[in-house]
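Submitted below is the structure of interest, expressed as structure tokens.
Chains here go by letter, A, B, C and D, matching the order in which they are written, and residues are numbered from 1 within each.
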């Protein structure tokens, strides 16, 4: 197995990749941008790719969404939730008093603002392209400290001076493992499905129509994002994550409904939820209910309404 | 063929029955009440029955709805629209000045109120069980005139003294032809389907849920009536007529949805509309759209999203 | 006080009228038809009128709905629920073996069918314009027994041979007390409101639009009936009863919404429910929630979003 | 006037700021991160701030949304649409053949991928914290070329070697001008309103409930994004942009409805749309319709239903 990921080494994305069971012993190839990692997968240079999807400290969310929705098709086969936990990395021997400069990706600094103001109030912040690059700069002696995951310390020969220094507890970044289009993994009972629905013309009320397809079948959405498609004003797509698996009858019928009402829909995968949340299946929407209803319809069409 | 109908002879219901192509030469049996006519059909004493469903001058609507929704199953196979047109029937030789009493079903009198006040202002009104019975009373010499359809004149040896005397133009009564449960007549493109949906417990929002099953598939309702089922407070049924035929994909899926969300549903027939109104089929709800969406679902479930 | 009601004396409607606290000692005037009773009220000949609205054994429902929705305006100020309970009335001295004919309104016979088949299997049924008229016919010696409320016995010098002979238990007829348009009675906390909403042109989806106005404010419908208006095909009205009082903020806003989305709406009254059912008021729809939201809106319009 | 913006000088954000009429002659202060720019406004160090909201090549969107929705309140008073147009900036005298390295923000490189592969196929890409920083690196001689807006050339003493080199035409970035909370600018007829709605507990169906508040009043959404609030699983907010101004009656009532149904809602501003699109106002939702409906409600509450 060869995995592509958004590098460089030492990023949260690499940590997410390393948490995958199949990643142990696999080849792990860092790419400089999300599109580069995905193209490597599309060109068959790797077998899978791991990129951030939601709430990333590395800021790659809109790029990932747009690439998956509009680039050559790929498919999500699993997801990884990684707690956001920043550490202050320094060269061995550096103490708090020595920290005059702190480097990080611009998205990391605001997340540690309060801690920095309290513990290294006089340190100046310096921007880096990624937190891993910031760690490299510290290792190179350009800056005194870097904000990064503690897992990055060993990779760059640095030490953890302080841990868990981010201001908001319980932040989580969501990553996805991508493959080339394939049959989805088998349902687990705690599945999520992702689609991108395209609204071709200015179609007010399209969102309500779409949501109704899910609502009448008792399917909860867990994420929704509207994005312009770049094909002119009023041309939108909705990225939607929802509970259930494409093999579930209620999900299948909702997807067919979606297919019928929007200009286009791209299936982006059914996969086990990282948080293992089991959906509450509403009365009348179990697979057995769909089977029973289909049998009843057949009976009345044939003139035998009461079996 | 033997037909049951709500009698006696000379009612609008008999006129409706006579308008059926198959009724010519068939045996036509009047029954005193709607339940009696339907029971005759259930017991195989007749092959079909004709009763009023909507807006009847004979007042049988709630009885018909409740009998069809809750009695032993029967099925609508065709409908008849009959313009409501009252005539003033008298014994031969009677003139306006001779009319001192006018008899009719209590529902007929209000529909001719203004005309009666203008043309026979001094006549007193007398109630009869049906307009046909009123005609019989006139023939028997008990009253001077009867409000009834002009077709009843010949039957009772009466004359039409005035025609089209009802106050509201364009009123129509809707009758249905019933059979024992059977395969529905083939779709004509201008079909109507009737169901009764039962709401078992106090289920606020049930109606909205039901309507959404139709709305998301672009199916228009043409009649809706809530009726208590007699099984306790909060136990309701909705009688619903809507556009389309049970063979239509959009109707089939809506019916299955209905079946899944309500306590029970009874299919009451798909049949050609008397008014020949062709439904506008919304984008994405043609049979071909359902077929295409099902093929797409199969493809993505098998891992071939782009055929 | 003078009350009009659908006569003759001895009907369920008279029994409903007599159950009103204000009816004791008031003048009670029977009218031959529902429109006649309502016109008497419109012309100021009486101060109030009592007519059946729902599930009547006397069959007057469609007439009542249409008269109130489309005739000169009247307003519901209270409602009465009367259990449907039939008795077999006979002349004193008549025994079961003597009953060869049973008379009633055509709607009453089906409701007692099973009992009649069991207890007087050989008796023939005769139609009457009302159950009270049937009782009069029995008193006059034309028939042997009448189906009617037991309260009618005394009025016609008859005896109750058997009581509670209707087949379905717990049937209830709903009557309403009408006045000329007036300020509604004060809210009681267990109120119902009635309106007629007119759909002017063929406006598919109108019903869903209407129901949404109620649903988003957590208001449950207790009755809905579509009725043709007589103004041409596709011109409908919806008669709707729902929980709450016009003085309630959620009801007021829903009514304004209704007013805005339909061709016309007629307010038919807010009044205490006969069954005293207290509505569950959904989170966010109490009067206080509307007041708070209005204060917030004022604040943000003025530039003081956080008070 | 003092303006904060996301720096450094030469970014698209600075170009957006410069397009504001009031910016001419105003003090313009670059900040290293979006939170830093917004905090400067909150602390009164500046009078306004300009940041990217949507589809930014600088990748700041999630940060901006979260800061505005959850940080100390600020308010949008205008928006700016800037066409995305990249140029290749070089030191004077550099030709295509001399370009061995190209630097840019990681989000810029994918947008120019095809052009780069065609015109400078052998150049290696280098990441920078911003395109402006990349330009500075070129000016310093570290790299040969930078991807940036052509407006950045003069600022860094560079030349435009090629213009309009991005692969997707018509891409637009949307920026907003922020102030401390204030009375919104007067309606223009082509307004947009922005809110953040908080869903406190796991409340499936919340989104549908919210959308219905807008839909029944004919208000179209132009952007929707769900975002976790960081307050635990299932705690979400919806960032929503929609047509209309808080002073419009339909918008006011929808906002009050939103206020009542969600855990909390933050008003983020009503302001003129940069694209000047005028909304279609649905039948029944003009200000005059709300005024008429309110007058009607008052009349029926007082007992004068027909004025």
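Quick note on the criterion: a contact is a pair of C-beta atoms (placed from the backbone, for glycine too) under 8 Å apart; a residue touches a chain by one contact, two chains touch by 3 or more.
Note that the structure is a prediction, hence the values are computed from the model and not measured.
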| item | value |
| --- | --- |
| Third chains touching both chain B and chain A | none |
| Rounded Å distance between chain A and chain C, as computed from the means of their C-alpha atoms | 58 |
| Inter-centroid spacing, chain D versus chain A (mean Cα positions, whole Å) | 22 |
| Centre-to-centre distance between chain D and chain C (centres being mean Cα positions), rounded to whole Å | 57 |
| Residue list for chain D, restricted to those that touch at least two other chains | 212, 215 |
| Chain contact topology (line, ring, star, complete or other) | ring |
| Chain pairs in mutual contact under the definition given at the outset | A-B, A-D, B-C, C-D |
| Touching residues (chain side chain D, partner chain A) in the complex | 32-36, 54-56, 59-63, 67, 106-107, 109-110, 113, 125, 127-130, 133, 168, 170-172, 204-205, 207-208, 211-212, 215, 220-221, 223-228, 230, 232-233, 238, 275, 277, 280 |
| Sites on chain D touched by chain C in the complex | 73, 75, 181-184, 209, 212-213, 215-216, 246-247, 252-253, 255-257, 259-261, 266-267, 283-285, 289-290, 292-294, 296-297, 300-306 |
